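First comes the structure, then the notes that go with it.
Labels run A, B and C following the written order; every chain starts at residue 1.
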Amino acid sequence: MSAWSSEKGEGGRGERPRVVITGMGSVNACTVGGTEAVAAALARGRPAIAPVRAFATDGCRSHLAAEVEASMLSGLLNRETDRRLSRVCQLAVAACRLAAADARISGGPELGIVVGSEFGDLRSTEEFFSAFLRRGSAALSPLIFPNTVMNTMASAAAIALDARAASVTINQATIAGDLAVVRATALVAEGYATTMLAGGVDELSPPLYRHLAALGALSPMQGEGAEGCRPYAPDHNGPVLGEGATFVVLEELESARARGATLHAEVTRGVWGNIPTAPHTAQPFRVDVHSPVRRFLAELAPGLPTCCYGSGNGDPRVDDWEVALLQRELPEAFGRAGSRPPRSLAPQFGQHGGLGVLRVVAAALDAARERRPVLVHGIARGGCRTSLWIEPPP
Amino acid sequence: MTRVVISGLGVVSPYGAGTKAFWEGIAAGTCAIRPITLIDTEGFRCRIAAEVPAEAVAAFDSSPRRSRADRMALAAAREAIADAHLSAEDRAGAALLVAAVGGGMLEGEAWYWEEARMGRPSPRIRALRSILPASHAETVGHRLGLGGPKETIIMACASGAAAIALGADLIRSGVVPLAVVGGVDALTRICFMGFNALKLLDTEPCRPFDRDRRGMSIGEAAAFLVLEDSERCRARGGPMYGEFLGAGMTTDAHHVTAPHPEGEGMIRAMTAALNAAGVPAGDIGYVNAHGTGTPQNDRVEASALRRVFREGGVLVSSTKSMVGHTMAAAGTIEAIATLLALQHSLIPPTANLRQLDPDVPFDCVPGVARPTPVEVGLSNSFGFGGQNVSLVFRKG
Amino acid sequence: MTQQDVLEKLKDILVVRLRFSPQRAAEVTLETTLPKTVEGSLGLDSLDILELLLGIEEEFKLVIDEREDLTAEFFSLDSLSRYVLSKAGQK
């Protein structure tokens, strides 16, 4: 049995709706905008990682990040309707609005949203607590409290965009964005909505940055080597955080065609699975024979794909694991002498929940331009694994 | 089309460890909402909740290094897996969908408090790792050998119901033959303080649908189901608690905390669930309501129920009247209540219901469980800020 | 404490707790209306009103029973500041 696909009659279900990408929107450290802006940023490839400006990193082992400038974000917000939004919600709402405008869609009962995030709104949680600790229970803020639940970004975006079909939030390290696109594609295929905003979002906040650095989760892990994001390189020594929100608009093909939407690419396969390993580790103790991802990759014709985006972000465990998996399962493409590793966008945008969707966006643009399919692969510590097969638009 | 049945149940509830304790508690109409012992409640107006007894939290794993929520999740998931008689091979291919909201925040708070008081990073920083909602799926998947796709779903109070709907989809679409799905939330200071700040809590145990209701009560629990391809379950002679027929998932997109005043999203969720299930509203014999006991939710939910089922057209009761609002576990534990109600032909009551609100035109089964054979039931979970999930189940 | 004093503190609460910009808060006067149902008001909904009420409790050390119907009191900054003064005077 395999994961859903757009092929007719798969799994005895008859024809499942085909799912296409009809727009995109992103607020990230490099750029803000829809298809044009993101395509230009990807083409330029200029890394946005730099010393952190928004807060002090003294006493931390790490000092770099890819930050979204306040001025980039403020121009996208409406002071009246967006007054109460926390910063991570602002990022999500802004990106969703850009995506909706890019795709020329409006809200209603057929528009849903899926948001992937690694950390959610920890900043609001900290604000909520610190008010209490400093000033007692009279200082507790009912306005902040709803933000302490991780679906706050999806709720805010649903209200802003009038998205009244299902709204789902997924928490996952490293590949939250990839997983959001897989899940949203399945929801469209299952008929929960004709259109889905699928995206990922995370923000940098001082306590989060400091604590991750103290936990040794950021470059330079183990305190060795120069700080920086060098995925798959021999001297890789940890991820560098980024922030931002990126959303794609996923739509049922027939409905997209009927309204004359721009078809950027098709998501013909979206699968995810799990490789058994202890939490936060990358040491599988059993081959994932059952994994839909493994089965899907085994079905790919030998020699394909020549282009693959990967979730390797400089964390040696994640990088090495991903390379080993792809060498094992796509030996033609990755196992031969001189094979190149997957392409990582982490050096440009930093590791955050939106990064996986930026990979999907990049794959979609490549697929459309070069008229060939592109694989978006993802693996995280703890074993969550995704694969998306992005093809040129029909 | 692939049919999905429920072949295992596992619960850690304010009544203790085990599905049996849970069913016996709600069937007896016992209210488990009591003065809080886990956290300091000095200075807060509401000081009660439905807590899980200590021995139930440790039913599977007593390690103090694991968060309370992780331990509860492990105990409930383990029971469900054992109940379904899943082999190691079964588990290796089973999906795992965990609904979570608070995550390991109880321990995270303690660490944060300490750091704030000490003015420097606490040695307990490791608690950070298990703060996030995804930690339960990581822990449960690893300890119980669940090797299929893992997903952590956060959808406020509807999370536990969404996990069931999304898990069933994986089976129907042929991705996996089995899915362990459920939700967990442990009591946290943030939840307690936040709902106090929003003034949504009753200082007495909640009274859903009561004319004089004044708010909700917080609870904590972990609840898991094993969902399975019905042919496969039949072939192996597995237990059969009932069949999942369909789900509706909608969003109000109205306000961050208040529901749409006419219950527009609730109506659509119930209608979509009935359509997905291929069941007319008249065939539903019992609705397990979201029924938090807040003036607003119950009024809007009753109005939505009236639109979908004619007045008095169905028995309604709220499990939250007994175990409180168990947050991410609510959707799952209440689905289990619904399944067991169908199985036992016994509708659990709405506890603390003394005087029905005249705006609620339904028999809400006050105080005492009602023996009634019901073939098809519906369970509602209408999350904070308008995330709505309705599930339809058929008797096994 | 005068009504003007109360108004200044209410403006602070609008900024700190309700996230209005300092510029917007500086523009409000006693005549400014509050609830979103009133045209030309500050556009406060039920969550804002609750936050404002708690901010008032904290700032002025009052205890307000939110089950009381305070619609009239929360109509404008004039009515609200008079209400605060009268509650503070009762302490």
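Here, a residue touches a chain if its C-beta (ideal position, glycine included) is under 8 Å from a C-beta of that chain, and two chains touch if they have at least 3 such contacts.
Because the structure is predicted, anything quoted here is derived from the model rather than measured.
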Seminar exercise, completed: Between B-C and A-C, more contacting C-beta pairs sit at A-C
Exercise. Measuring between mean CA coordinates, which chain is farthest from subunit C?
Worked result: A
Seminar exercise, completed: Separation of the C-alpha centres, subunit A versus subunit B, in whole Å, is 28
For this session: For subunit A and subunit C, let me know how many angstrom lie between their CA-based centres, rounded off.
Result: 41
Problem set entry | Residues within subunit A bordering two or more other chains | 84, 140-142
Problem set entry | Residues of subunit B touching at least two other chains | 197-199, 255-257
Problem set entry | Where subunit C touches two or more other chains at once, by residue number | 47, 50, 54
Exercise. In the complex formed with subunit A, which residues of subunit C make contact?
Worked result: 17-21, 24, 43, 47-48, 50-51, 54, 57-58
For this session: Mind listing the subunit A positions that touch subunit B in their complex?
Result: 1-4, 10-13, 84, 107, 109, 112-113, 118-120, 125-126, 128-130, 132-133, 136-137, 140-142, 145-146, 148-152, 155-156, 158-159, 161-173, 179, 183, 186, 189-190, 192, 210-211, 214-215, 271-280, 286, 288-292, 382-384
Seminar exercise, completed: Within their complex, subunit A touches subunit C through residues 79-80, 83-84, 135, 138-143
Problem set entry | Of subunit B, residues touching subunit C in the complex | 197-199, 255-258
Problem set entry | subunit C - residues contacting subunit B, complex | 45-47, 50, 54, 66
